[in-house]
Amino acid sequence: MGKLYNEVAGRDLNRLAALSDGIFAFAMTLLVLNIRVPEPLEVHNEGELGHALLHLAPSLLTCVMTFLTLGIFWVGQQTQLSALRSADRDVAWLHIGFMFAVVLTPFSTALLASFITYRMAILIYWANIVLLGLMLCLSSRHAVRSGLRKENAPAHELLQRRIVSAQALYAVAAMLCFVNTWLSIALTFAIQLNYVFAPRISWLYRL
Amino acid sequence: MGKLYNEVAGRDLNRLAALSDGIFAFAMTLLVLNIRVPEPLEVHNEGELGHALLHLAPSLLTCVMTFLTLGIFWVGQQTQLSALRSADRDVAWLHIGFMFAVVLTPFSTALLASFITYRMAILIYWANIVLLGLMLCLSSRHAVRSGLRKENAPAHELLQRRIVSAQALYAVAAMLCFVNTWLSIALTFAIQLNYVFAPRISWLYRL
Amino acid sequence: MGKLYNEVAGRDLNRLAALSDGIFAFAMTLLVLNIRVPEPLEVHNEGELGHALLHLAPSLLTCVMTFLTLGIFWVGQQTQLSALRSADRDVAWLHIGFMFAVVLTPFSTALLASFITYRMAILIYWANIVLLGLMLCLSSRHAVRSGLRKENAPAHELLQRRIVSAQALYAVAAMLCFVNTWLSIALTFAIQLNYVFAPRISWLYRL
Amino acid sequence: MGKLYNEVAGRDLNRLAALSDGIFAFAMTLLVLNIRVPEPLEVHNEGELGHALLHLAPSLLTCVMTFLTLGIFWVGQQTQLSALRSADRDVAWLHIGFMFAVVLTPFSTALLASFITYRMAILIYWANIVLLGLMLCLSSRHAVRSGLRKENAPAHELLQRRIVSAQALYAVAAMLCFVNTWLSIALTFAIQLNYVFAPRISWLYRL
């Protein structure tokens, strides 16, 4: 026997990736369930339908924001996992923690859509983003300390620096909610768009 | 360090395929949630149950239509991805955009089922199909420009031409909604059936 | 260019399997959403909770039945796909049709749970099982005719005979609904249990 | 022909893992749907929102508990499957039974969240954990008896002992519900945290 359970458990990188993809896919699809089709009984003509659809704007906006966030973290997690030679039990659990943060996003997004002018909703949404970054950061660190990375993997600092600078920007945006909640949301959205598109702009690219 | 995050991120084709399959699978399954089981309290005999089930026809019809659309685009995306040697960050993001269009389909389908005689519902449904085609087109183009395609991959023009001719047909169908919404839906459905079955008919096969 | 889209599309067996697994997984999980937690306001003590839980029996029974059915067809589809060398566009579409039947099961199950004494609910549930068997049968035939099977694959007749004998049994069970709906459900359940457990009993094993 | 269906069916370990990952992913994501966003009409200021969110504590607590449980069993199942050379029909069905237990967790969790002071809710929650352990145990045993394990796989007793000791602890925690339901939940939670974190503490590590 000799070996302990904890030394042989959770080593399969492919299954970790598969579970992650399933959870990301489901969370990303659930977001859209927050956008409710208007009640047919309350709509009598094209004009009223247009009006009812306009009321969905906060749901649609927060849905797009979270979809971008999940996309950003999915690319980040994939980049991190592809640098590993193998997983171990601790990597598996740190990523399960990361997935818990992913799974919370449909809730924090729906909360923000329903209470878009409340500071508390913005701070909870922000806390969710912090948790995503934190878990990814911890698992990246653990991989370095435990020697689980491939020899030719890109430098660990690359991902760490990326997470830290993004989190600093999100923190600034969240704090703006004490001035005005819409300002806070606008900056959060701008940061997300930056991480999707801005690589094309040279100085932003270096962030 | 040297390398930048954006040069190492998002390169894993398998995970892109896995995330896509997850999102297609949930979107396709969610469609059926639009078909609601009749209320037991409102049904007293076999005849009333039959009657209540007939009322589900618009939900069932739009569900089948979108299932076919998603099937068509799943085959299309699979054909495109299988022509790639590797992904990069931009391919990943163009496909995340494509998945956003996939994720919107349960909403636009439910909207069409609830407002099947409204032009606005048809135009939104059509916009969703346009977005699907557009994102697939953009990512296909990007793959050519960035040299990410396999050497022996089938010609890029094949997929492009396919998307353009399909989108032209969908546009004609959508415009028919200004004449009659049912006509518009009938033609959209016929186009979808064509892409599933018509390959058996020789001149349609060449479309 | 030369090649046509339909000759290069939909060939990836792994993605077909991945989409199927996603759809099976989601459909199997959705089944359980039909089992609703009792309303806290209507329950005042342990006895009332027990009573409220007993009312969930039809939902639980139909949920187990469909879970078994989906398990049986998942094993069947897996066995079929593992006999193929490659897919083509038609195999892909026949399996997409099969998945449509999978996706309908949470609906037909919820319908049966709500109307467990109605013949129409049983016949629709049965039609769903017929559709599952039919699509699997058609795709198996197509694979033979198109020479897509591996050379050392187990005989095609094995799967065909299995489907035909199972469908004959399900048809008998469905017809019993004209005598008594509970009898019909009991026999359907017995058939499902047979396909899960009976291989241990020698003459049933040969079915 | 010669061969029987039951001898060729269900042998694909990759698809078994893929189905499992899909089901774990959805069950883990569905858990969060139990945490309902407060009704906007009932909240008029930040204080009331904070108050409404506090009422979500039982949902959040049970959600975290089940997420940990599912994480523990996902790591356990992965460790078990990675010790196999191949699957067979019986392994496939034992794991489908295991997945049924996984699929029940969102229900038993929602039941516990709604009736957190009821013994019956705790006993049902515990029965679900017992079912998870039992199916994993049975499939592990079957793999040994059928010679499906890899030669260099870690000792089978490792996983068995792990399951038995965990189940003994859960049983003690469940029985505490006859003293006090909160005590029972507290110990269950402590056991779960132990299996996630305690490996760092040496004598607990050996459990």
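Letters A, B, C and D name the chains as they come in the text, with residue numbers starting at 1 for each one.
Please note the rule applied: a contact is a pair of C-beta atoms (placed from the backbone, for glycine too) under 8 Å apart; a residue touches a chain by one contact, two chains touch by 3 or more.
Everything quoted here is computed from the prediction, not taken from an experiment.
Novice: For chain A versus chain B, which are copies of one sequence, does the interface use mostly the same residue numbers on each side, meaning over half shared, or is it different?
Specialist: different
Novice: Upon optimal superposition of chain C on chain D over Cα atoms, what rotation angle is obtained, reported to the nearest 5 degrees?
Specialist: Resulting rotation angle: about 90 degrees.
Novice: Compare the CA centroid of chain C with every other chain's and tell me the farthest one.
Specialist: A
Novice: Just the number, please: Cα centre separation of chain B and chain C in whole Å.
Specialist: 25
Novice: Quick one: chain B and chain D, Cα centre-to-centre, how many Å?
Specialist: Computed from C-alpha means, the inter-chain centre distance equals 35 Å.
Novice: Can you list the residues of chain A that touch 2 or more other chains?
Specialist: In chain A, residues 18, 21-22, 25-26 touch at least two other chains, as defined above.
Novice: Which residues of chain B touch chain A once you look at their complex with the stated criterion?
Specialist: Touch residues, chain B against chain A: 1, 3-6, 8-12, 15, 18-19, 21-23, 25-27, 30, 89, 92-93, 96, 99-100, 103-104, 106-107, 110-111, 114-115, 118-121, 124.
Novice: For the complex, which residues does chain C have touching chain D?
Specialist: 17-18, 21-22, 24-26, 28-29, 31-33, 35, 37-38, 40, 43, 46, 49-50, 53, 64, 67, 71, 74-76, 78-79, 82, 154-155, 157-159, 161-162, 196, 199, 205-206
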